[in-house]
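Look at the two complexes coming up: subunit A is in both, with subunit B in one and subunit C in the other.
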Partner chain A sequence: MLSIKDLAVSFRTRRGTVDAVKGISLEVASGETLGIVGESGSGKSVTSYALMRILDAGGTIKAGEVTYGGVDLRRASEREMGDIRGREISMIFQNPRAALNPIRKVGHQIADVLRRHSRATAGDAKAKVVEAMEAVMIRDAEARYHAYPFELSGGMCQRIVCAIALACDPRLLIADEPTTGLDITTQKAVMDLVTSLIRARNMSAIVITHDLGLAAQYCDRIAVMKDGQIVETGRSVDVFTAPTHDYTRRLVDATPREGASIRSLLPAEARTPEPPHKRSTRPLLEVRDLVKTFAGKSGPVHAVKGVSFTVNEGQTVGLVGESGCGKSTTSSMIVRLLDPTSGEIRFAGEDLAKIPLQKFARDPRRAQIQMVFQDATDSLNPRHTARASIEEPLKRLTNGNGAARRARVEELAELTGLPGHLLDRFPHQLSGGQKARVGIARAIAVNPRLLILDEPTAALDVSIQAVVLNLLADLRARLGMSYLFVSHDLHVVRLLCDHVVVMRGGEIVEQGAAADVMGAPSHDYTRSLLEAAPNPPSRKTAA
Partner chain B sequence: MSIAETHRRQSTLDHIVYVLRDNPVTLVAFAMFAVLILAAVFGPSLVPYDPLASDATKALQPPSAAHWFGTDNLGRDVFSRVVVATRLDLLISVAAVALSFLVGSALGAAAGYWGGWLDAGLSRILDTIMAFPLFVLAMGIVAALGNTIENIIYATAIINLPFYARLVRAEVNIRRESGFVLAAKISGNSNLRVLALHIFPNALPPMMVQVSLNLGWAILNAAGLSFIGLGVRPPTAEWGIMVAEGANFIVSGEWWLALFPGAALMLAVFTFNLLGDGLRDIVDPRRRT
Partner chain C sequence: MTRARPILMRIAQVIPVVVGVVIISFILTRALPGDPAAYFAGDAADEASIAEVRAKLGLDEPLPIQFLYYVGDLLRGDLGQSLTTGQSVAADLAQRLPASLELTLCALILSCGFAIPLGVLAATRPGSWVDHLCRVLVTAGVSMPTFFTGVVLVYVFYYLAGIAPSPLGRLDFIYLEPERVTGFFLIDSLLAGDFETFFAACRQLILPALTLALFTLAPIARMTRAAMLQSLSSDFIRTARAAGLRRRKVLFGYAFRNAMLPVVTTLGMVFSFTLGANVLVEKVFAWPGIGSYAVEALVASDYAAVQGFVLAMALLFVVLNLVIDLTYTAIDPRIGFGSR
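Take a look at the complex of A and B:
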C-alpha cells in the first residue's frame, strides 16, 4: 500500500547539511500496523514528515521513492498532496494540545477537515462531527462539540486529534508518539481505541514511538531506526524476543519491564554487580497529615489532602501516581519550594514546615534536602555553563573558596560520569543524558541527606534512562543518601525503590514494601496502573 | 587567568565574529555604528572648520570642495557642524536609554517576580504614562523642568520607561516558575539573587532589540524637541536645531542646510534599528552552537 524506497532526507543547518534519514526502505501492507521505533534523533519522525511532505524549511528529500497506492508522493503537486493529506493519509501528532488550535472550538476543528475534503456541508457538519467524536469514544459529544482545547484533559484532546485524523476515513494513519506525555492509564485507553478503530476500519497504520514495549504490544511489525537507518525489521514478537541486531538488543534490554533488575537494563558488557545500599530503620523524613489547598477561581482546590509517610535513612521511597494526583505538590512542599497549608514535615526530628520559605534559603538544612528536576533542559539556566550550574549550590551553601569549589565540581563531574571537557558548555550544547547528569551533580554537590527525584528520567531515551537509573543506584550506595523518587512509571519505580506510596486525587491509596505493592496490590487503582503499563513479550534468556 | 576563562573569552570573540559574518546586515549596521562612535569621539578634533565660527562673507554657499555640505546663513561649515553634533545627539540618546533601561528593568523585574499589588500598581502607573501622546509628554516635561540637556535626557527616559518595564515584566513572569529558578532557590539563593542573577539575564536578548530601537527613537525625540525650540539651544550644533534652522531656507533653494543634518539623523536611526538583531544574537549564548 505504502512503499518507501531508499528515502534520504537532509536538513540545511548553520553547520552544513545534516543527513537525518539515510536511505531507508519500508513497506506497509493494507491492514497492517507498522511500528517505527527509535530514540530521539533517529529520524523516525522526519521519515513520516517526509512522506507527508511537511518537512520544515531547510529539509529536503534528497533521494528515494515514496509510493502510496500507485501515486508518487515525492512528485505529487501541492494540490494533490492537499487532497491526500487527511483523506488518504492522516496523522496524529505528538502533543495533542499543540496540535489543536487553542482558540477554536474542537467541534469546529473537526468540521474543518470534513469540509475541506467535501465530506460535510455547512448544514450537516455538526451531526457528522458528533458522529466522529462518538467514534473515538467521547462521551457527551454534543456538549463537548463546543469545548475549547484547554477545557479538556490531555487524553480527551488526543481523542479529538484522533477524531480529526479519522474523520475522513483515511486508508493510512500515521501516529507520531501518540501517547507521549499522557498518563499511563490514558495511554492504554488511547492506544486501545486507536488500534480497535484501525482494525474495525481495516486501515493501515504507522506508529512512531520511542517505547519498544508499546510498539511490541500494538504493532504487527516493527522497524527499529538508529541514526537515520533501519537496523532491523521483523514481526513484533520476533524483534522483541529474539533481536538480531546489537542495537535492538540494547534497546530491548533497556526497556523497563516486569522481572528486570536495574543492572539488566544496561548492555551486557556494562553489567557490574549492583552495590547494596545500607538501609536503617531510623526515620529521616516523616511527613504527617500534609495538606495543601490552593485558592482557585471557583473555590479552593485541594491538591494534597493529608498524606503521611516516612522515608528512613538510606531508604528509597517511590511516590507514584498519575498527573494531578498531588505527588509533585507533595514533593515541592518537602523540598521547601511551597508552604504547606497544614501538617508536619519532620526532617531528622525537626519540623521544617514551621520555617517560612523566605528564611529557609539561609537555613543550614537547606543543603540537606536537594532535588533533581523532571526536565533537565528546563532546570538548567540557559545562560550558565554546566560548571556554573553545578557550582551554584556550592557557592551559596558552602564556605569553600574558588579553588576548592572548582575541585569539587570536577569531582562531581567524575562521580556522575560527565566528561570534564563538557563542563564549559551551555545546556543547549549538551545532550539530554548529559543535562541529566549535570542536574544530578548539582543536586548532590552539597552532600544532601535526602534527594528528591522528580521523574528524573521522564524526558530521556530508554537507553539513557537505564544509565541514569544505574547512576542513581550507584550514588546512593556510595553516598548513603535517601531518595524520594516521584514517578508515574511503575516499572521504573519497581527497579529502584524499597517502599512505594501510591497517590490518587491528593490522597494515599496504598503504601508498602515495593515488592508487596507491585506483586500483590491491594487497591484497585494500583492494579489498574500495573495493568495499563505496556507489557511486552519477554525475551528469551538464551540470548 | 585559567585555561577555561581564556577559552571562554576566545569563544565570545569567535561568536561575535560568527554573528557578524553570518548576517551581512548586522555587519553593515556595526560598521555604521563604528563610524558614528568615531565621529562622536574624534569628530571635534577632526573637522576642518570650527563649527561655531561664523563668516558672513561665506554665508549660504552650496556644497563645494572646500565646504562639502555647504555653509549656513552665518557662514558656518555644515559638514563640521553635522559631525560635531554626533557627540551631543548620541550622548543624549545613550544616557536616556541607559536610564530607562536601568529603572525600567528594576521596576519591571520586581513587578514580574513578586506580582500582586506591586505589579498592579506599577502596571497602572506605566499605563498612565503610555496613555499620553509620548512626544507631547516629553515636551511638557522639558517645558516644566527647564530647557537643559539633562532635562531632555530625563524626559526621553521617562517616555521610554514603560517599554522596558513591560518587556522585562513579561520576560521575568514567564520564567519565575521555571525549573532553573526552582533549582536556584534550592541551591540557597535568596529571591533577590534569583531574580538578579538567574532570571534577569535571560531577559537580555529581547531587551537588546528594544535598546537599539530605542536609541533611534531617543535621537529622534531629542532632535524633535530641539526642532520645536525646546531643549538644545542655538548656536550649539545639534541635528534637530540644524534641520529646524535649515527648514527656513529650503523654499529659497538652499536645500543643503536641512538635508545633511536630516540625513545624518536618518542614518543614525537606521543604524540603531539594524543593530538590534545582531546585538540580540551576541548576548544570547544559545546562538553559540
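Take a look at the complex of A and C:
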C-alpha cells in the first residue's frame, strides 16, 4: 500500500547540510502495522514527515520514491497532497497538548478537518464531531466539544488528536511517539484504543517509537533505524528475540525489562560484575506523616496526604507513581525546597521539617542531602561550563581554597566518567549522557549521605540510560550513599532499588522490598501499573 | 458567564491605579520649581500681595488640605485655568486630545494595515526577497526621524506634486469645523453627513498620519514576523498540516490567531509612545494636538495645563492597558485574571 524506496532527506542548517535520512526503503502492506524504532536523531520521525511532505523549513527530500496506492507522493501537487493528508494518510503526534491549537475549541478543531475533506457541512458539523469524539471513547462528548485543550487531561488531548486523525477514515495512520509524555496507564489505554480502531477499520499503521516494549506489543513488523539508515527489519517477534544486527542487539539489551540485571543492560564487552552495596538497618531518613496542602484557586489542594517511609543507610528506595501522585512534592520537601504543612522529616535522628527552608540553605546539613534533577539540560545553567556547575556547591558549602576545589572537580569528573577535556564545555556542547554525568557530579560534590534522584533518566535514550543507571549503581557501592529514586518507570525501579514505595493521589498504597512489590503486588493499583508497562521480549541468549 | 467575573475583577483593579495617578500628578506639580503665587500676582507684586494671592489660591494651607481641594476640583471636572490660552484646562484638553488621538489612531491603522501583512508574508518566506524587503523597509522607516520624513513628504506632495493641501492644521480654512460630537473630525463630519468636510479632513490627515505610520512600521512588522515564525513552528501547526487543512486556514485560522498576543502587546506599547512622541509631527504639520500643547505649557510654566496633561495621559494609558488586557481575554481563553 505504501512503499518507500531509497528515501533521502537533508536539512539545511547554519553549519551546512545535514543528512537526516540516508536512503531507506520500507513497505507497508494493507492492514499491517509497522513499527519504526530507534533512538533520538535516528531519522524515524523525519521519515514520516517526509512522506507526508510536512518537513520543517529547510528540509528537502533529496532522492527516492514514495508511492501510496499508486500515487507518487513526491511528485504530487500541493493541492493533491492536501487532499491526501487527513483523508488517506493521517498522523497522531507526541505531546498531545502541544499538538492541539491552544486557543481553539477542540470540537472546532475536529470540525475543521471534517469540513476540509467535505465530510461535514456547517449544519451537521457538530453532530459529526460528536460522533468522531465518541468513536475515540470520549465520554460526554457534547460537553467536551466546547473545551479548550488546557482544560483537558493529557490522555484526553491525545484522544482528541486521534479523533482529528481518524475523523475522515484514513487508510494509513502514522503514530509518531503517540504515548510520550503520557502516564503509563493512560499510555496503555490510548494504545489499546488506537490499535482496536486500526483493526476495526482495517487500516494500516506506522508506529514510530523509541520504546521497544511498545513496538513489540503493538506492531506486526519492525524496522530498526540508526543514523538515518535502517539496520534491520523483520517480524517483531524475530527482531527482538533474535536480532541479527549488532545495534539492534545493543538496543534490546539496554531496554530495562523483567528479569534483567543492571549490568546486563550494557553491551556484552562492558559487563563487569556489579559491586555490592552495603545496606544497614540503621535509618538515615525517616519520613513521618508528611502532609503538603497547597492553596489552590478553588479550595486547598492536598498534594501529599500523610506519607511515612524510611530510607536506611546505604539503601536505595524507589518512589513510584504516575504524574500528580505527589512523588515530586514529597522529594521537594525532603530536599527542603518546600515547607511541609505538617509531619516530620527525621534525617540522622534530627527533624529537618522544623527548620524553615530559607534558613536551611545555610544549615550544615544542607550538604548531606543533594538532588539530581529530571532534565539534565534544563537543570544546568546554560552560561556555566561543566566545571563551574560542578564547582558551585563546593564554593557554597565547603571552605576549601581554589586549588583544592579544582582538584576535587577533576576527581569528580573521573568518578562520574566525564572525560576531563569536557569540563570546560558549556551544556549545549555536551551530549545528553554527558550532561547527566555533570548533574550527578554536581550532586555528589559535597559528599552527601542521601541523594534524591528525580527521574534522572527520563529524558535519555535507552542506551545512555543503561550507562547512567550503571554509573549510579557503581557510585553507591563506592561512596556508600543512600538513594531516594523517584520514577514512573517500574522496570528501572526494579533494577536499582531495594525497597519500593508506590504512591497514588498523595498517599502510599503499598511499600515493601522491591522483589516482593514487583513480584507479588498486594494492591490493585500496583498490579495495574505493572500490567500497563509494556514488557519487551528478552533476547534469546542461548544463540 | 464564567468569563465576566475575571473581566470585572480586572476593571476593579483600575481603581487603585487611578488613585495613585491622581496622587502622583499632584505631588509632581508641587515638586516643580517656581511659585504659582508669584506668577499669578504679576511682576510688580511685593511680598504682601504675593502672600495675599497665595492665601486666595489656597497655597498657604498644608499639603493634605491642598490635596483635598484638588481632588474636590477634580471631582467637579475642574482642572484649573491655563495661563497661556486663558481657557480652562479641561476645555483645552477636550479640544486637543481628540486631535492627537485621531492622528495617532489613523497612523496606527495605516501602519498595521501594512506592517502586519508584511510581517506575515516575511514569516511565511523567511530568507526570501519579501523578507529582505520587509527588513529594509522597516529599518528605513524607523531610522529616519519623524520631523524629517514629515518635511520630505510635505516637500514632495505639497510643494512639488501639489496634490496635498497645505500642512496647516486639521482642516483647511475654507471649511467649517463639523458640529462637535466626538471631537474626531472624520467621525463628526460623517455623522453630520458632510462628505466634503470629511474628505477635506482626510486630506489634511493623510500626510502626518503617513509620517507617523512609517515610524511605527518597524516594531509592528518585526513583532508580527517573529510571532508568526514562532507560531508556525509549533506542534499544532504540524497537526493542522498533517490533517490536510488548507494553507489559508493553517496560516490565518491557526498560526495568526496564536501570533496575535505579542502583536497586541506591541501595538499597545507603540500606541503609548506614539501618542507621547508625536509632538514633532504636530509641530511640522501645525496639528493642534495635545503634545504641542503640553510642550508650550511647559515652556511657559503653565502648571495647571501641565498637570492636566499628565493626568489625562496617565488615565489614557490606564484605559489603554485595560483595553489590551481585555483583548487578551478575547483572544486567549487560557487567560483568567482571577488566578492572580
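Brief remarks follow.
In this section, the second predicted complex is superposed on the first by the 542 of 543 C-alpha atoms of A that agree within 3 Å, B and C clash if a C-alpha of one lies under 4 Å from a C-alpha of the other, contacts with A are read in each partner's own complex, and residues count from 1 in each chain.
Methods note: contacts are C-beta pairs under 8 Å (C-beta built on N, C-alpha and C of every residue); 3 or more make two chains touch, one makes a residue touch a chain.
Keep in mind it's a predicted model, so treat the numbers as computed, not measured.
Touch criterion not met for A:R437: it reaches neither subunit B nor subunit C. Shared-chain residue A:M52: touches subunit C; no touch with subunit B.
Of the two partner chains placed around the shared chain by superposition, subunit C is the only one that A:I103 touches, whereas subunit B remains out of contact.
Once the two complexes are laid over each other on the shared chain, residue contacts for A:P393 go to subunit B alone; subunit C is not touched. By the touch criterion stated above, A:R116 is placed in contact with subunit C alone, subunit B being left untouched. In the superposition on chain A, A:K188 makes contact with neither subunit B nor subunit C.
Taken together, the subunit A residues at the contact with subunit C in this complex read 49, 52, 54, 56-57, 78, 81-87, 90-91, 93, 95, 98-104, 112-113, 116-117, 148, 150, 161, 164-165, 297. Touching subunit A in their complex are the following residues of subunit C: 126, 233-236, 238-247, 249, 253-254, 257-258, 331-334, 338-339.
Those residues of subunit B that touch subunit A in the complex are listed here as 4, 7-8, 22, 178-180, 182-191, 193, 198, 201-202, 285-286, 288-289.
Those residues of subunit A that touch subunit B in the complex are listed here as 14-15, 335-337, 358, 361-362, 366-367, 369-371, 373-375, 378-384, 387, 389, 392-393, 395-397, 423-424, 426, 428-429, 439, 442.
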